[in-house]
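After this come two complexes, each holding subunit A, first together with subunit B and then together with subunit C.
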Partner chain A sequence: MTFRQFLLQRLTAAAMVPLIVVHIVVIFIATRDGLSAAEILERTRGSVGWALFYGLFVVLAAAHGAIGVRNVLAEWTGLARSRLDIFMWVFGLSLFGLGMRAVVAVVGAS
Partner chain B sequence: MSDTLSVSIWRGGENGCYTAYQVPARENQTVLDVVTHVQRHLDPTLSYRFACRVGMCGSCAMTVNGRPRWTCRTHVSHVSDNGRLEIGPIANMPVIKDLTVDMTRFFEAWQSAQARFEPSRTRDDEIAIVKPDSPARIAADAAIECINCGVCWAACDTVRWNDDYLGPAALNRAWTLVNDERDGGNISRLKAITVNGGCQACHAHQACADHCPKALSPTASIAGLKRRAMSAYIRGELK
Partner chain C sequence: MKITTRSTAAERPNTSAHRRDTLWLAALVHRISGVLLACFLPLHFLALGLAIEGEARLEGFLRWTDSTLVKLAEAGLVFLLTVHLLGGLRILVLETLQFTKGQKQWAMFAGAIALVLAIAFVVSFGV
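Let's look at the complex of A and B:
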């Protein structure tokens, strides 16, 4: 792991902490009031705020997870650095794609 | 107390095996005393390292009943398992013969980490006044007593699985120099300890701190290096 990757992983972790807190608190409030999935989607669809919130969450999680998995593979498999980098990018972009698909499903127009 | 100790000692190189010896048990006896007895009275071909016998030189580290230790300051009564001792070479270093290991990678890491003093003054300058109670000196003091025994290296998981890792001892020494106000090599040192396998590779498992015979915490030193390197990186000093 380069020092730059290390810093990026630390910074993305720190940035995700408040987002996770908001995410959990919102889930707690929404489910306590007994909102159905349809009622939740009614509130999130078309919301620029939730789109930015979860869009940022996906970017941070994709970067954080990809660097972390690269490091695990580096330590446990001894793969060459070039292969690790390819895996990191493929894994990170896959996470980003899957995450953004979910964001679109939650905040996009029905 | 039994009159004898049942001692198994590693014999041979990487593909060697443990050999059993019976050694007289004494009231006060270190593990190094046991090894010395075997070499002097039972088998003079046994190879091992020691020098000072008082915990200063860092030569006599071995694996004792599965744990890396300095043997000259380890009493048999504290570590024997019902009179049984298993003594092997320390881990994470190639075995040369019996209890002696090749410490090349360990000491090369010290050089790679620039864990050596870089003077910033000449003999013609005034002697630097270092206040003992300054924060930097207190931080250096907490890490300064390393004797290079290699116990932390043997205990470290990251050393085992990352061939590039500089290791706890070299990074701990680098931290003392980062806090030495007389030292003039900090920027290049911070660059040296942030390469692949640098301070960021540490997982903070704290095995080094748990095993260090001098009760140092290389983990804390490495955490300090991470903070210092992060600041330097953000200021653009590590380009």
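Let's look at the complex of A and C:
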């Protein structure tokens, strides 16, 4: 783990704290009377606020998750550094792509 | 020339003693919860992405999640997210503020709060 990765890991973690607290509260509220697509999309559809919230969440989670899994793999497996870096980038960019697609889906849903 | 012999188990240092340490367990829980959350994230995004195909498509998937087994798995996710959040907060505070007091208690507190939230999630559904 490079110093830059270490720093990014901690900064993304700190930035995600309030987002995760809100996310957990939303999970409890949204599932209170059973989860429904109508209820989720009613909240998110066309909302700039939720788009920014989830968009930022995706960016932070993708970076944090990719660096974190790379770190665990480095400790628990004997993978070479170059392979760890390839995995980190592929995993991180996949999370970013899928996450942004999900944000577009719930904010732009018709 | 010195002849070395294989040491007996009693002579070797107990190399697994650290595994009974609360903070070692906390570090393990933090790693495992992080990896499991990272594995779950793509599935979470794919599920929400179903809304691209319309509200009905997402609704169809959500009705599948009504089963007791899925609700219990979701409670597990609530536990993982909370324990990773609080465990991570403990590490951040420890590293940035050099706050080293009561680390074992904070780690156990994180696990307890995560467990309470997961149970509250299950109870709210009456699973």
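We take it that the second predicted complex is superposed on the first by the 102 of 110 C-alpha atoms of A that agree within 3 Å, B and C clash if a C-alpha of one lies under 4 Å from a C-alpha of the other, contacts with A are read in each partner's own complex, and residues count from 1 in each chain.
The criterion applied here is as follows: a contact is a pair of C-beta atoms (placed from the backbone, for glycine too) under 8 Å apart; a residue touches a chain by one contact, two chains touch by 3 or more.
Quick caveat, the model's predicted, so the values are computed rather than measured.
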Which superposed partner A:3 touches (first subunit B, second subunit C, both, neither): first
Contacts of A:25 with subunit B and subunit C, given as first, second, both or neither: neither
Which partner reaches more residues of subunit A (counting touched residues only), subunit B or subunit C: C
First, second, both or neither for A:86, with subunit B first and subunit C second: neither
Touching partner for A:34 - first (subunit B), second (subunit C), both, neither: second
Subunit B versus subunit C as contact partner of A:95, first or second or both or neither: second
Partner chain(s) touched by A:14 [first = subunit B, second = subunit C, both, neither]: second
Touching partner for A:52 - first (subunit B), second (subunit C), both, neither: neither
Subunit A residues contacted in one complex by subunit B, in the other by subunit C: 10, 75
Subunit B residues within the subunit A interface of the complex: 158, 161-162, 194-196, 198, 200-201, 226, 229-230, 233, 238
Residue ranges of subunit A touching subunit C (in the complex, touch as defined): 10, 13-14, 17, 20-21, 23-24, 27-28, 31-32, 34-38, 40-41, 58, 61, 65, 68-69, 72, 75, 91, 94-95, 98-99, 101-102, 104-106, 109-110
Subunit A-facing residues of subunit C, complex: 31, 34-35, 37-38, 41-42, 44-52, 54-56, 58-59, 62, 65-66, 74, 78, 81-82, 85, 88-89, 92, 95-96, 117, 120-121, 124-125
Of subunit A, residues touching subunit B in the complex: 1-4, 6-7, 10, 74-76
